[in-house]
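Consider the two complexes below, in which subunit A is the common component and subunit B and subunit C are the respective partners.
Moving on, here comes the complex of A and B:
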């Protein structure tokens, strides 16, 4: 395998794994999974890479969903433009909110985001009811532009799959760039990065806005996928899903985010059918992750892989060094 | 307007009861306790069971409910919080959130999801300067003020209180004096949990009782702690009443915005005074 082709192989593997799910589940459901994976990727950038846990990231998903939905309803009939407008809505909101939130760290960061999310949810529910139709939400019609027919489930599946691959590729490039290294160093020790002369607030703000824009993209896709928007898209209590997905997959790894997203969606879609007390199960699983399984699935896999490689190397060396009779 | 002020004082008192535990837990153990209001919810449901099913008098039921959550608080501290000392804030946050998920689910399991209501247990009114006040609300505010002075006395005059205040300032130095802090930490945690349950028990008759009641008030209490300053007992007291007033006054002029206004105030405070945790 040539190194320059590696990206393409990786993307093909991801696409192949999602296609493998198709025979087992409905296409519609897998589209849902992939949209959630995009959201988890955006959350992972913020939490896994920059080390800032947010309990209000769904606000930006909601902003994207409402941005896309409202612009399809009132401004344009072009679904692609609507997606862009949804991303722009989330991006603008994050630019404003980011000015306040990046000043906080740790628990304060999580709580302020949570407060903003709650405020956003409330704004949609009550004062802006005239526009957003409050709790009932609104439906979106006419989502077709030539080849881009969002009315068809098959087209949505392929569109979302390609978007997911693009987002993954973009995030992979960003996180392995010098900027990505800087973001990871902010996670390790922000004070030292500041000593090196970097304006960490700027970088944190940029990352926050970037992450929120990706979340906005997943929101816009959610709106198009369901052809329907309601305040549940930004329900504060659902933030725990992203945290769980990120942790079980392995925080700070893009593959971890993908695996975690799929695992969480499988659990939340199918577990309630069999287990009534699934919130309790989620709580117990989170406790186990925090106390025993911090690396997550992908992290453990990487450790296992490197151990296997090390022992293979050791065997090869001892084989070479063995005396010849 | 007087009634609005009265309502604000009541809310402020309740917020104070709950926020004090949060503030102390944070200050001493550096643990942001998302599971704090689980004892609040459980206390309320125990009270409900005692009053409606076992026909215990409200006063005794309240005392039993507060006492009954003490072992629950201890168990949470012993098996979850104690393992989180020195961990990064994210993990403490997630672990305590998991505890609150489990707790809410247990409450749903035992008592069901239907909202319930309790009546005002005193049902007396007092005439003062031409206004009628329900005695019960005056009582809540009275208990909050009494608690404030009792806590001040506790941390100034008793050895245990002094150790706790010293630990708020600098844990390492207290440890260097040869004091085993773990014991005091569990004491603080249990005290905070019991006070949260007390707040719940007092608030239950004037609000609706449902499994998620803890989560909704927890956000307000975090706002109180952030505005008042983490681990600042006096700050928590004044912030609780100030934000209680914000809730009451907003509720009078713009009812749906009452809780959101608290977060706006919190955001404004954070713009002028960022908190590094």
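Moving on, here comes the complex of A and C:
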């Protein structure tokens, strides 16, 4: 199979998988799932691929949401331009924060991000209340530009689906490139990468900004999907959701991010209907993943697939080598 | 012949410990210099200073007529100074050939722009062929597709040297490349090093003195952070001061 054909088939399978959910779930909810998947993809680039666990990535989702929401409220009636401005807001914020953040590793990296996230949340809650309307947030009115009618749930569904496919395709290209190899190498041994002649600080910063920009896109889409923005979009506690989704699906794998995103959203949306303390089951799931399925759902599937292929090869070889009676 | 590396009064202190103490060294182009010495004598610290992993407390490092004393490691690599590590350092989570992708793309015009570096496939163009070409040089071509974590220790050493060679070094610093290897693997690596020795300036740290005596042009013996002897290998090994610091007694052992 030609690589370009393979890309098309993969995108069709992803689109088909989300379309299969349509008979069972409201399109607004599936749109929400897909937006979360975009966010998990952005988080996976940082955590799964580059090995930098952040507890503050929601800041950039929030920046995207506020950027798009405030643009629609004060600057433009063009929702597409608002999305771009939302991405730009997250990108600019990450460009500045990244200068400090990417110097750290491990727990420091996670906690500095958490601190920035908390600061951002505090800013929109209180000092910037005049613009952001504090805890109450603000609604977004007109979201239509010709064909692009974000007032329609069906249009939002298709728009977000296509955006998700584009983000997936872009990230697949990026993670399969020499830059992708560089990012994975930084995860394993950053010092060694420096001794290959690469300025790892620059590439870590670039990855951080890129990841935050994609998170900003998911934030802008969240604002349009709900026609409403409030500080919950950057609630630090929700960062855990992205970590769970990555681990459930399989960190460092784009398909893992998609599967993890959907599974986490299914659990967090439907389990509370039946179980009051549903987070407890999420904790148990995390324990099982850590001890039994470190590669997550997709990673375990890949291992199973490679073992099946290896045993099939062995069977074929032993069949060829068997004496003819 | 021109000087590739000149070190003057290089010193490194860790608190009260002087790990490297006023070392002077000059290495000519295409020369192979061996550095030996007992454990803790400062050999690897000297390498870390030369390659920029540590900043010296005092002294100067001139590489290819350029003062690189305060240059970052990646800047030194860009200038042609490449090293291997005491503990073999390869990327276990990558496939064998992928370990060379970052080295090969450094010299690939098709990946000169950041956009192409970020979006063109690592398997595309000539990258994969170039990686396989380097692996062929060290005899690892048939293992190119396997995970690096599945390689034997000796093969990882070969891969590490392949990584270093693919960076087109002007000066190659090898930190105990023969340690932990079987006799067969030692022969393989020495044969490889003999092949490349004609084209590259090499500084090699090694404990297996007998293995490198015939390989190096000049031998330096380090003890307590300074060179105690330096010169033609067989003469250096006969030096009583060397025998005392290296084997503990004067004139009790030959090389």
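Quick note on the criterion: the second predicted complex is superposed on the first by the 322 of 325 C-alpha atoms of A that agree within 3 Å, B and C clash if a C-alpha of one lies under 4 Å from a C-alpha of the other, contacts with A are read in each partner's own complex, and residues count from 1 in each chain.
What we mean here is this: a contact is a pair of C-beta atoms (placed from the backbone, for glycine too) under 8 Å apart; a residue touches a chain by one contact, two chains touch by 3 or more.
Just so you know, these numbers come straight off a predicted model, no measurement behind them.
Visitor: Name the contact category of A:247: first (subunit B only), second (subunit C only), both, or neither.
Guide: First partner only, subunit B.
Visitor: Name the chain, either subunit B or subunit C, that contacts more residues of subunit A.
Guide: B
Visitor: After the superposition on A, what does A:177 contact: first (subunit B), second (subunit C), both or neither?
Guide: In the superposed model, A:177 contacts subunit C only, not subunit B.
Visitor: Which partner does A:105 contact after superposing on A: first (subunit B), second (subunit C), both, neither?
Guide: first
Visitor: For A:291, select first, second, both or neither according to whether it touches subunit B, subunit C, the two together, or no partner.
Guide: So A:291 only meets subunit B here.
Visitor: Between subunit B and subunit C, which residues of subunit A are contacted by each of them?
Guide: Looking at subunit A, the two contact sets are disjoint.
Visitor: Could you pull out which subunit A residues touch subunit B in their complex?
Guide: Touch list, subunit A to subunit B: 47, 51, 53, 55, 100, 103-108, 110-112, 114-116, 118-119, 122-123, 125-127, 237, 240, 243, 247, 277, 279-280, 282-287, 289-291, 294.
Visitor: Which subunit B residues qualify as touching subunit A in the complex?
Guide: 26, 32, 80, 83, 88-91, 93-95, 97-102, 104-106, 108-109, 215, 219, 222-223, 226, 256-257, 259-260, 263-264, 266-267, 270-271, 274-277
Visitor: Which residues of subunit A touch subunit C in their complex?
Guide: Touch residues, subunit A against subunit C: 3, 173-174, 176-182, 184-185, 187-189, 191-200, 206.
Visitor: Provide the residue numbers of subunit C that touch subunit A in the complex, in ascending order.
Guide: Contact set of subunit C toward subunit A: 51, 53, 72-74, 77-78, 82-83, 85, 89, 91-94, 98, 101-103, 105-106, 111, 114, 117-123, 127, 163, 167.
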